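Read through the structures below before going on.
You will see two complexes here that share chain A, one where it goes with chain B and one where it goes with chain C.
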Partner chain A sequence: MITKEAVAVAPAPERPAPRAPRPVKRRRAWDEAPRWQIYLPLSVYLLFTLIPFYWILLFALRPAGSTSLAPWPMTFDHFEKVWTERAFGTYFQNSVLIGVATLVLTTVVALAGGYALARFDFRIKRVFMLALLCSQFVPGALLLVPLFQVFAELRMINSLGSVILAETVFQLPLSMILISGFIRNVPYSLEEAAWVDGCTRLASFRIVVLPLLRPGLIAVGSFAFVHAWNHFLFALMFLSDQSKQTIPVGLNTLMSADSVDLGALAAGGIVAAVPVVIVFAFIQKWLITGFSAGAVKG
Partner chain B sequence: MKSSIRRSRRAGLAVALGSVLALTATACGDDGSGAAGDKGNEGSGKGEITFWDNNGGVRTDIWKEIIADFEKKYPDIKVNYVGIPAASAQSKYDTAIQGGGLPDVGGVGTAVLAEVAVQGALEPLDSRLGKSPLNGKLSQNLLDVSKSAGGGDTLYQIPTSANNGTLWYRTDLFTAAGLDAPTTWSKFYEAADKLTDKGKNKFGFTIRGGEGSIAPALDAVYGQTGITSFWNGDKTTVNDPKNVAALDKYVALYKKDTPSADVNNDFTKMVAQWDSGTIGMLSHNLGSYQDHLKALGAGKFRGIPNPTADDGTRVQISNPVDGLSLFKSSKNKAAAWKFIEFAVSAAENSKYNKSAGQVPANTDAAKDAWVQNAEPTKLAAEALNGAGTKIVQMPYYLPDWNTISKADNEPNFQKVLLGKMTAKQFLDTLAEQLNAAQADWKKNH
Partner chain C sequence: MAQAAAVAEPPAPPRRRRASATPRRLPYLLIAPAALLMLGFIAYPVVSVFYYSLQNYNPTKPWRNGYAGLDNFVHAFTDDPQFWDTLTFSAKWVVVEVGLQLLCGLALALIVNQTFVGRGLGRALVFSPWAVSGVLTSAIWVLLYNSQTGITRYLADLGIGEYGTSWLSDTSTVFPAAVVADLWRGVPFFAILILADLQSVSKDLYEAAEVDGASRLKQFWHITLPHLKDAIVLSTLLRAVWEFNNVDLLYTLTGGGPAGETTTLPLYIANTSVDAHNFGYASALTTVAFVILLFCSVVYLRLSKFGGENK
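And now, the complex of A and B:
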């Protein structure tokens, strides 16, 4: 057996660790392109996109009759007019109520349906999925009369509930398909592990699956909200009472058969667009994640 | 883990409870009764009635004022006002006819009267008018248009107002160019040419090429040729060679004296363009008066009836007439009729038309001072009721009129403007469809 005696050796002076080689940045096509080739088309595109918005702002903020290309002198008269005289305050409340209720109902029901589609195998599953897809091709206008008769039987004509139900029903197929895709992405073994720990199926869904679905839920919920917020037809047909009308119907009443108040219309357009823009600004991160997750995997 | 379960259970419960509450709170509605087959009844003449305004929004304030006056006079009748966007009025009526939920009284213009009447939704009004204090107080011309639009034999609409094709022109630009008012077609074409300076983005005229283009085009065509009847026996005169030549001349203005974007002009774009730009003339109707006033201010523009022939002969097409109809399904026809009578009485009809800038149907209202002071309305009333005016009655009674004059032929008119179809091909196509629709209508009447 060979042994080596330990020899005290002075510690070697600390040498700086060799610097890791700087990663070579992969040069991509746009790194080599002159800046103007990137910014010019983008600027032109941006101009086309923003000019209509500027036009709306201009008409909403400049006084009636002004032909100025800048909103100066600035006035909020058009906003005051639509909000008070044209009852947009009431329309806004109704639209919010319809939008939020549709969002909640659609998300809850789509979650249940989507879970069943993702986790259970049943005989008519493929036919059912096909039917869900096909229902997307039926325009709402085609079902107006039967829906009207159903709501009349239920004594729901002229109630916000009729619009909420109709919007929810029309949102459900796409929402269920999307949510089932998101649920399929959550490994089944996670739920099984929760069962082993004593959870019921419902509890494991709530505790394990639901938190992982957040991007998907935000995508589906926001889609339902925006659709209900912008939809005109059901509110026009099922609601008659002025105090129950919604923003899209209110916007249409700003255009009469022979004349149109462009200032009021632009101000109304901004009132209608702002909540949607704010919602998207807050949720865009999850929205993109949610839609791409549902689209690519599944 | 336990607290997490409790939290999510609470959240689930809150969501479920919230949904139920939201639906319950919003679900107190009605059964929307009143479809086309429903015969309704006279009722007690008291209680609630529902009124649909087919031009809701802009006219809401004036109707609410009229309703307040009515409820003051008849305190035992309450009127529920429903304003419907003008562009969606027809589809709202169609859905309610099929599904239920028709009102007691509704604004029904002559453009959709035939379609609503043919579905059996409207109450004939001849005998009610005969016994009413309104009898003899309404313009006979307008009553004729209303009757004709409903099919010819029965009155389904009490007219409230008449509109008229109006040539709006910028007096400041005309004065600067030393031009006469465009009272004749020759002066109109001359002014359109002289006021155009494309380099400076100045145009003599703006043409309606998008939605609603057919009526102004036909008004210009018949106005130039002086043909006074839409039908010659069972065939339409719309493709008469004289009309073809007149249309050729009219559409030749496109791009020569008008902006090229006019091919997509509906009235909104056309009016906005005229109000904010430097365009000499605009052919629209009385309805845009307030928009011009707000945008340009008084004294910068005038509105005159469409031009005449050089010898002063005035031929124009019949314009849609606004009016009120009583719905057959109403459960309170007596109260509903009281409302119609009240709304078309001299004082209320005057008030309504002053606000709308249109010609009152009530002849006493038409004599009011405001009509004499509002030049465009006064001139329109004179043109409509003038002894020398020949009115070409449009076939509003054809149930297919809207389809033919809008969906079927507006795209063709755009093709004519763009040079992809000749005026003759366009008018021949239109004539063929109208002749078929007329033959079909005659078979059923």
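And now, the complex of A and C:
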């Protein structure tokens, strides 16, 4: 038998070399799972994931009253109805505005703060970090009333600005922690080299650091957008005009009606999902790298 | 030289200030916007919640407003069965959700970390509900659960269950029904985080274990799981806090019903402050929730020895 000690010495990088080259199929023990052990649980889980998506598509596309399990004959009446009659067109605009503004504001503010946390030692740094972590435990939902009072004081109730600010504030702590992690992964010597070449701090940041942060910033920015797009309570509380409402609030209105118009609800749900799906199709591959670069490892 | 040190140890902030003259107040300028926003919109509201928790404050009953001492807290702990009910339900909800999400997420991450045909598509599809909002999740599951044209109708067609079953309005089925709906969108969170961390396990370790004749189960137990520990501890904690605080899904899916069966503590607090306008009492409940959350988090981090041996 091989002893533990032998193993500790054994992981020599050359082990594969002396073997005769063989099909690349079986490399690591970890990869040797029989195929059915992958495909069977994966298909079961995919069914669980995809049936609800199919369900909403089905309801959105088949005529009202139909009980067929295929969206045929197909109709777009529900979309038309939801977009105009139920004002989802307006909601959509508001949601996009809130999402984009939150994205920009969160990223810019968190980038500045994250840079300070990553590159400087300053007196209140520990306190500030502690505050960031603690704020993770502050439930936004429980602060609704005091937040409402603050915005009332600022005369911002019923303006999209209140929702943008509230979303940004609750996104900030985590975004800043993540971004400071990303910046720490960029060697400081790169920046120093740029200074030697005559760059100012800002210029070296823009030219050297920023491009390397791209995956991380895309991850953080898209979180901010998706959160703001999806979040419901702030908009419900702070915006009373129907013309200021957002998509999640519109969906809730559809759901809480006395007799729910299922077709309209499904179509509204799809309208709510489309931007998010596009964002995620776009950022998928950055997401994992962004996470492994900074999120979990800190 | 200084440069070599910086390369060897990138995370350490520079000890000496550079000749390229960074004003001493630059870091403060940089954190100022974030700090101001957080002071105004998190710290101030939190302080005002603490303040109001010691007050009788109800805008609809101004004649009773005033200092209340600890009355609100005494009332909650001794005289409010709803407080205990909702607190118990919150605990149950968080434990069940986080536990199931972690198990499914871990299993999924291990599966899609393998090499197989269609992995990219598989990952994309498996992760897809992650970005779906609580409200949209509710909308989808309202469609699935509705008694007339929902999934139960087609199950009944197959001879399973009865026509007209509505899982969301029956007190005996509403809990599992809500759990499944939240599970649907919650699992990808764990799957993504764990998958990200799986990618950093050194392949040498598995090769060494293979030489040693360790089974795949043993490899998982002795290599993968210890490696994932910190990520698991952190993600379960974040998720637990999030599940505790988040009201979107239950608010829109069940409205806390039927018969208050699915009312969490935050939902109860929201009702108390928004509908009943009893803001003083709601503030006291918020304070209690906050303390419980903080206490549980600290205990959890201690018990799990987060950061562990090597830090």
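Everything below uses one rule, namely that the second predicted complex is superposed on the first by the 256 of 298 C-alpha atoms of A that agree within 3 Å, B and C clash if a C-alpha of one lies under 4 Å from a C-alpha of the other, contacts with A are read in each partner's own complex, and residues count from 1 in each chain.
Quick note on the criterion: a residue touches a chain if its C-beta (ideal position, glycine included) is under 8 Å from a C-beta of that chain, and two chains touch if they have at least 3 such contacts.
Quantities reported herein were computed from a predicted structural model and do not represent experimental measurements.
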item	value
Joint occupancy of chain A by chain B and chain C, clash or fit	clash
Chain B versus chain C as contact partner of A:V169, first or second or both or neither	second
Touching partner for A:L57 - first (chain B), second (chain C), both, neither	neither
Which partner reaches more residues of chain A (counting touched residues only), chain B or chain C	C
Touched partner set for A:M129, first chain B, second chain C, both or neither	neither
Contacts of A:I157 with chain B and chain C, given as first, second, both or neither	first
Which superposed partner A:A33 touches (first chain B, second chain C, both, neither)	second
Partner chain in contact with A:L144 - chain B first, chain C second, else both or neither	both
Which of chain B and chain C A:V96 touches, first, second, both or neither	neither
Touching partner for A:A273 - first (chain B), second (chain C), both, neither	second
Which of chain B and chain C A:A257 touches, first, second, both or neither	first
Of the stretches 98-106, 170-178 or 224-232 belonging to chain C, the one that collides with chain B	170-178
Overlap of the chain B and chain C footprints on chain A, listed as residue numbers	67, 144-146, 149, 165, 237, 252, 254-256, 260, 262
Footprint of chain C on chain A - complex, ascending	1-2, 4, 7-8, 10-11, 13, 15, 28-33, 35, 38-39, 41-42, 45-46, 48-53, 55-56, 59, 67, 69, 109-110, 112-113, 115-122, 124-125, 128, 131, 135-147, 149-150, 165-166, 168-170, 172-173, 176, 184-189, 192, 195, 200-201, 226, 229-233, 237, 248, 251-252, 254-256, 260, 262, 265-266, 268-269, 272-273, 276-277, 279-281, 284, 287-288, 291-292, 295-297
For the chain A and chain B complex, residues of the former touching the latter	64-65, 67, 85-86, 97, 100-101, 104-105, 108, 144-146, 148-149, 151-153, 155-162, 164-165, 203, 206-207, 210, 236-237, 240-242, 249-250, 252-262
Contact set on chain C toward chain A in their complex	3, 6-7, 10-11, 13-15, 18, 20, 22, 26-28, 30-31, 33-35, 37-38, 40-46, 48-49, 52, 104, 107-108, 111-112, 114-116, 122-136, 138-144, 146, 149, 151, 153-154, 184, 192-193, 195-197, 199-200, 203-213, 216, 219, 230-231, 234-235, 238, 241, 244-248, 251-252, 255, 266, 269-270, 273-274, 279, 282, 286, 289-290, 293-294, 297
Of chain B, residues touching chain A in the complex	1, 4-5, 8-9, 12, 15-16, 18-19, 22-24, 26-33, 50, 52, 55-61, 80-88, 91-92, 95-96, 98-101, 109, 163, 267-268, 271-272, 276, 284-291, 294-297
